[in-house]
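Note that the chains take the letters A, B, C and D in the order they are written out, and that residue 1 is the start of every chain.
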């Protein structure tokens, strides 16, 4: 039995980690840590876990933690994990970091969009198993991808890998539920003003844009020009990512679907659909569903992908990575299908 | 490995049965039946199950079915199961009927609220394990309770059993999400008119009222006078049931919680909370959460219970019943905790 | 042209007052006041009013205000208006107070549920025009009713006036949208946890209970026993109030509707429907729609009423009161019908 | 007093016409027509209008209608108005057609996306007053724009007019509430499956694409290449249209806002905001709010516009057109500001 710790247990990603690990047959969570709510039982912060997770949230002691557990999940705000992940690794633990701290190949890009990096020389594997499975299984530190990047990269990987689209003309228009904003109160998630509304935000400046561009660029073998605009939609969970791209030469929908199905043929968490996916096909599960529609009047192609932002977009993918890092079945603990309706 | 069949696979309860049984380690669904969508794969009707349930929906042959499987779940509209359940039992299968057909001790009450009964002499056990665990484990036919009755009965059982409240003055004001209406299109679930609205319906005539009254009466050892009014709320899943009752003598909240905790001390799916529960404490799980608040200025007591109408209120409870009938662990396959947020 | 001031311009009731008065042909808002957002234009706080209300929010000077305007609307938190309303009246202005400060005949009841009163001897007219039209038209200070009380009192007034129901057995189970919580951020209106949930709150202790009881008692000519339990529902606007009451003797739906229609025959904002009303019949309007359903098997009667909590439940009713106080047509400025869908 | 008739009174656009015209001081609706619901009062179909619109819906007699009224609104499904609009015009009535039948300069384009045209030689003015005010005021037949086109065209008109963007690279990713689907029941608006979901639809084939392209092309003085993808979002009302376009040369946000403000300086229903608009800034009103954000790292520009799809996107704009056609104040009857919250 593998032992695990969750740092950042008060947040939504922390809650999802605990919820999913509670039914994972090979892992036991032995410590839940957070500065907020220290001293309280998990279930007083997350009432869904009453009777299921009975641990007390405590202030972290990273030295002890690293010795006590096989793997640590760090679900902390950006800029926090980089302060203590080196100690965890030195102490012998493997780490899956759900924050942005180690997602960038070039720390300068991180610093441009976030803050000064405190452990810039520490290298992680970018934890998108569909692209980096082998590397993840050997890694001691995995940088778990952002929610928008997971949906966006998976939706375009087959096209860029095969150089089928113009890498200079990629538009991703994404829509997220409100859980992506997090557990902290905020004007943008105040129900009276958001519950029957929608908005674009950070329309040209979102921090996930350089993360998406980094990975699309590696797939394409050259830098890409990416426009990324996210929107906030009044549902709780789910991301729908709409990619508007341009084929270098006309292709039929059938041919395109064939390429996608071939690319993802061994993947347990990517489903290529005949039609466009809807968010509720995947909410509650670790799946990414993808569909596409080429414009028969032009070379434009629309690719739509959907994920549960807290599962495949965060904690489910973190567990998928952990399974790989620890030699378990990749899908272990992630068998739940989406709720319907 | 137990083999199971699901009749009524196109509906929401059927979908939930398939979703939950897909991860049940002791049961294999070998047949999915429905008149609607016959010939189609389950996953084309329920896209959340793509890659998970690959069976084809077929028109039922009850004779063959009864011989081929250990247990049949009948998730059909009211008045349908009674036509073929006798054949299933004769063929040797055990049956969990999710419809109302066998819920009433007195078929005349059924006929008053539904239609003429075609197998009125066939007796089932009312499948609320918290009240009838022993009977369920011996039963060959279990009548799975309605969604509102599950929430309502569990919220008042300890009080009526101990004769603590006036059985002539019970008001239950319940609120349900729209999935309770079912998969068929309907004016009341048309998003433009229901998505930002709410309504009471069948305010004094709902079919679940006599079902609740039957069970409360048995608990009280005498007939009760029950007022039951349901409401439709624009969320997808979840029931919140608010019982307004009157204590025979003043009691503190602490004393009342003690009685509830004692009554439910061995239950794995009932949680008695210090505060009032919210629907999202349980949506996605088989839990029923209960909280209460006595009025310090009068003898009124408010008891609030919440369930996921499709899990504890339908398919989860059906699996709980099946586990008991087949000698499996009662909670097997029902380990999922609620989604949060 | 009548001149008006709005104190508490940053809140939702303040916003609604400004929105509605912007198209009132007989009134001009000349001052918008608040401590929060002082110095900012109204439209930067309430973007819906951009180009419509161009006033700057300023810190209030009550002496000047009283001299400058005919009527002041005080849409401040409870316990605030009582500090300055005496000065406004002395200065010559008429006042419609949207807070609870002057709603209680007995200041001791106010103090039991709110805080110590600072002007307990100042008497206001309870501003429910359907009950106190003559008094309101002569008043200089009107206490605008609470949102739940407006819906609840209108739903039962005809029954209590005619002594048709048992005044000892009144249950009101009410459901409100989230705008009732106000513009301030709060855990209970955080979209991720409330957007797909519902909850009861203050199940036996809500401050609107004594307000409702006061008015029902006056209608009945004797004290009533009232149980009041509110719920929070994930829609933005609207209250649905379900009254469970007991007829002294059996009556048909037709007879009951006749009594209601007679009672409200001259009312421009109360509609008695043949069927039960839905919240979206009234959201966006000043209407209160009422429907009822007697239980043919017992003497229970269910009466359902719906209002827009910010219009008939707050700012619309305040303008209705103002129209009466100033001798204008009662419905002036309140002609908008509900949005559909 | 101008007299008007509404054909298609059972639908949502018909309802909005009646709701808005009910408070229009210069117009009286004298006839409401539909094949559905003929014989019923308007208020039994649209309960929000009870006590406000007391007309009976009748089957249309176009000859009589044309003689009896000054103006007819045709809010019928596509392909219906073209059957009788010629008769209405011959009879002397002016017509605002809310369907797509007369929106296309070239009937062949209409026929490509809809059906065979039955009066292809009849020419209408495209009723977007911000672009065709003079023409509308002289017109006898106005083709009211589609909802998506209204938002999309207004968001890009200043840029194309001044040739500031590449007309070959226009992507419009639009999001609509469910009322756009209409009053007819449909799988896509079934609350259980749409209420917590979202989807793209007709991703490259939507009928509004050629309508948008026609008008953008006229503004640009040359054909444009347009990619248009709509999405369905679980709110009732509102469209948010996100345009991804490419500036020919870098421009600051300030310069761009200046161009928009200059272009729309005399418009009463277009507001250019400093920041990006949210849908609830306009729902309930006839406004179109526009905001933009240029990408400082590339030449991409994001322009976001929001409208109420049933008001500025349908019935409000129809009344705005009627006002112009009949010489009334353009904004008469359309003074309502958006609801907030």
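Just so it is clear, contacts are C-beta pairs under 8 Å (C-beta built on N, C-alpha and C of every residue); 3 or more make two chains touch, one makes a residue touch a chain.
Since the structure is predicted, the reported quantities are computational estimates derived from the model, not experimental observations.
Student: Going by the touch criterion at the top, tell me which pair is linked by more C-beta contacts: A-B or B-C.
Tutor: Comparing A-B with B-C, the pair joined by more C-beta contacts is B-C.
Student: Give the label of the chain whose average Cα location is farthest from that of subunit A.
Tutor: Max centre-to-centre separation from subunit A belongs to C.
Student: How many Å are there between the centre of subunit A and the centre of subunit C, using C-alpha atoms for each centre?
Tutor: Chain centroid spacing, subunit A to subunit C, equals 46 Å.
Student: Suppose each chain is reduced to the average of its Cα coordinates; what separation in Å results between subunit A and subunit B?
Tutor: 35
Student: For subunit B versus subunit C, what separation do you get between their C-alpha means, in angstrom?
Tutor: It comes to 39 Å between the two C-alpha centres.
Student: So which bits of subunit A are touching at least two other chains?
Tutor: Counting only residues that touch two or more other chains, subunit A contributes 12, 179, 183, 192, 196, 234-237, 277-278, 280, 340-341.
Student: What residues on subunit C touch subunit A, complex-wise?
Tutor: Counting only subunit C, the residues touching subunit A are 12, 177-179, 181-183, 185-187, 189-192, 194-196, 234-236.
Student: Enumerate the contact residues on subunit A facing subunit D in the complex.
Tutor: That would be residues 169, 171, 173, 175, 192-193, 196-201, 203-205, 225, 227, 229, 231, 233-238, 240, 242, 244, 276-280, 283, 293-298, 300, 302, 304, 340-341 of subunit A.
Student: Within the complex, which stretch of subunit A touches subunit B?
Tutor: My answer: residues 12, 15-16, 19, 22-23, 46-52, 179, 183, 196, 236-237, 271, 273, 277-278, 280-282, 284-285, 289, 335-341.
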